[in-house]
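Here chain A shows up in two complexes: once beside chain B, once beside chain C.
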Partner chain A sequence: MSLYQTDSGGNYEYVTARVRARKAALFDDDDYRKLVRMGTSGIARFMEETEYESEMNELGARHSGVDLVEYALARNLAKHFDDLLRWADGRLYDYVARYLRKFDAWNVKTVLRGLYSDASREDIEDDLVRAGEFSESLLDQLAGSDSVEAAVEVLDSTRYGDALADALRDYEETGTLVPLENAVDRTFYEDLLSDLPAESTRATELYQEFLHAEIDFRNLRNALRLARSGADMDPSEYYIDGGRLFDESEIRQLVGNTDQLVEHIRTSVYGEELEAALETLEDAESLIEFEHALHRAELEYAGRLSNKYPLSICPVLSYILYKEREVENIRAIARGREAGLEPEEIEEELVIL
Partner chain B sequence: MDIRLFGNHKRSTMSATTLLTEFVLAAAENGGQGIPPSAGAALAVGLAALGAGIAERGIGAAAVGATAEDDDMFGRGLILTVIPETLVILALVTIFLV
Partner chain C sequence: MAEDVKPTRKNLMSIEDRIELSERGHDTLEKKRDGLIMEFMDILDQAQDVREELEDSYEHAQRSIDLARALEGDVAVRGAAAALKEHPELTTQSKNIMGVVVPQIESSKVKKDLDERGYGVLGTSARIDEAADAYEDLIANIILAAEVETAMKKLLEEIETTKRRVNALEFKLLPELHENKEYIEQKLEEQEREEIFRMKKIKDMMEEKEAEWEEETEEAVEDPLAADD
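== the complex of A and B ==
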């Protein structure tokens, strides 16, 4: 997969029609409620009768139980997102491909974590999501490298090369993966919004609006985690540039003071969307509930953007978010059932709109 | 004059407009008589068909996409695709008026 640029705008009509149909076919709340009450084998059987049938059959011989569910989910996700790239043309292709580099970042992090924790090559390969821009051979090479340093070497020619090479020194000093992971995340988000075509069209603006929102929500989540955990870390280390909600100095100030942070969000552009989430935060004092409320607000915002601008990149990106949510939810249910959690406990972990 | 119907929406509409203006200008220069009525009617039908074509391009693409996901959408997609065709049918009236 490579990026090519053409001067045509893209086939928005075709892609959004297909994407909307797929989004409508995702699991709904009733399906989740049913799943939560099933055992792990029940979940596997349920999935064989749905969308995930072919993946479940393909992987059924090699894996079983929750692992089977999890790998089938990852493979299905990759299939759907590859479809998006197959359909899209012109600038639309460029936007979708840029966004799907998120999975390159994910894969790089998976490999680094795997190597760091001495996981076997098969385990690492099973956890890769083959939906990004990296070629199969590069991924194989990555998974086959025998140390974190070697993996960074392999990535030298990619867009993550420079940032990773810089972070490698920190990694060697501290012995933790955090600097490397941050380097990957930052490169991803910085590249998302750079090199956009100079003439700003409506499509570019919408793409930017969507991503600003995503970056803002991510910064917000990081800020809250830091504020809550009380860890003595520099928030600007985690700050991702490009959002509209905070700038770097603001975030440093606000992390120290949760009330101020909440007030800042309430008066921002997302105030209305996040109203419910902010109330949960104040009542519940629980970070996980707020994060879910935040996730819900993000999905709703994405949904609203895609209704407002039906022929744009928004429906496609919103579908990507919804599909990811489905995969996360099913994974949470399967893992939760495996660990013997009660249905009510699992339901709290789900992001249900 | 290049007409690129399958390239960019805007470009195709724009070159159609240039085509029209140049035609009218040429007709006006040609003895100052203006356009003969039958040619005007032909133009009306032709332009309406062009408009319908541009409209159907997007709808058709979306209809094919929806049908690919769900076969039941075929009938509905077909109907929605040909709705702009009414433009041409209405424009056809001009033929009988002149």
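== the complex of A and C ==
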């Protein structure tokens, strides 16, 4: 517990100050420009002289090349997010933990996929990102399960237990992991906004505003993916409740008509932020550029909220997004260089603010 | 070898029959060869297109997976791939092109819908979808290339065999049969000439003998007293 707890149910001053310092230490444009022009071994050497030094050294004996970079990035991400949970208290801890549970969801999916494809326990453990709320022992127990059913049983006492138990029947019928994975993701998103304090404070409102945007952007991405795939799928099955952009009936109607969908976004609260992204969507055949534009809009939105409300949850959540983006950018550079992509091509794929 | 053949009229007739049959076979095989070559040229064009598409789709798939690994991470891509259970199924049938049996490959479950790929839609991105899409296209092209290139290979083998048969008939069997026929004909003509010559000889001898006999008879008639004396 932190010594800086405030009456409002969270030590915002302390955590936001620490977070601001961490955010300032993130890689900047110059670092990316340098990295993009390096070979994979150069990138690994560069990483050894930065924030990622200890992870690179710890994992150096087990992994090499770009795999080493990727595992070091994941471990560093986990360390930083773990720090956030350590610093935060009270209501702030709850808000941060809710958001970081996406790594619990990631770990559950990783274990399920590993067990499903008969991967070894060691491989599964390597792929876990220990940044969520799950304890080490629970993760070890999960990775040590010998079947998908056993893993679901291990998760019985967690927040994913009920949803997974329900989805297990579908899994047994269909033989695919889709119901289980969707159940995990849906539980994560539904828990984000559930059981918030009845008494609405500015902190809760900001938290909600931020998460509405997160859910809306996720719904938007999925709606466009469904629309592009042309598959006969019920969009409401992939709809996450809690956003402001669509309700279930709207999404069902809009998935069938991309023009209407775009128009709907244009006239929504995000219209201004997503204007450039929507133009990209109309020009490009692929959704990738739109996803980039969406990421950029999401980061800008988070940045703006954190500047506007410096002593709130917003700077913390914004830092989480920026840190994730840094990890994704470095990984993109390292993997891109490994695959022989030109620096210009890689730069196009980076989301830098 | 023509000398091995007995120069009899029966053999001549049998060789003539064989020549007729071989010439008919030669014509048929030539037509088959030309037909096969035409089919082959059609398939060759198709195979070239399929090859080009295969190379393009391979490059596209490779690039998609490189980018997916770069942006989503190797772990996420491996995880999404591991979630796939239903693998493509192939059934082979055969079809006949001018006597050549070529495979016809029917595939199912190659192109999958978003909900059939095994990974959850809520927690993944379009990058994974595009990589999966690109690899599904690649597999479809590999299957098509396998079908077309196997057909091409089989047709090529058949063309080679037919060409060898046509050549064997044209440059070996038919010339030999013609040579044998000519040899027998010559021999038979020779035998005929000898026969005529022999007959002439016999005729001459007979005529000579007859003349002698007539001469003796005449002498006896002219001088009967001398005989009595």
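Here, the second predicted complex is superposed on the first by the 345 of 353 C-alpha atoms of A that agree within 3 Å, B and C clash if a C-alpha of one lies under 4 Å from a C-alpha of the other, contacts with A are read in each partner's own complex, and residues count from 1 in each chain.
FYI, a contact is a pair of C-beta atoms (placed from the backbone, for glycine too) under 8 Å apart; a residue touches a chain by one contact, two chains touch by 3 or more.
Quick caveat, the model's predicted, so the values are computed rather than measured.
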{"item": "First (chain B), second (chain C), both or neither touched by A:D67", "value": "second"}
{"item": "First (chain B), second (chain C), both or neither touched by A:A21", "value": "first"}
{"item": "First (chain B), second (chain C), both or neither touched by A:Y189", "value": "second"}
{"item": "Partner chain in contact with A:Y238 - chain B first, chain C second, else both or neither", "value": "second"}
{"item": "Partner chain in contact with A:S318 - chain B first, chain C second, else both or neither", "value": "neither"}
{"item": "Partner chain(s) touched by A:S145 [first = chain B, second = chain C, both, neither]", "value": "neither"}
{"item": "Touched partner set for A:S306, first chain B, second chain C, both or neither", "value": "neither"}
{"item": "Partner chain(s) touched by A:L226 [first = chain B, second = chain C, both, neither]", "value": "second"}
{"item": "Contacting residues of chain B [partner chain A, same complex]", "value": "7-9, 57-59, 61-66, 68-70, 73"}
{"item": "Contact footprint of chain A on chain C as seen in their complex", "value": "63, 66-67, 69-71, 73-75, 78-80, 82-83, 85-86, 113-116, 118-123, 125-127, 129-130"}
{"item": "Parts of chain A lying in touch with chain B, wherever the complex brings them together", "value": "7-9, 11, 13-18, 20-22, 25, 87, 311"}
{"item": "Contact set on chain A toward chain C in their complex", "value": "66-67, 70, 74, 105-106, 109-110, 113-114, 116-117, 119, 127, 175-178, 180-182, 184-186, 189, 218, 221-222, 224-226, 228-229, 231-233, 238, 240, 286-288, 290-291, 328, 331-336, 339, 341, 346, 349"}
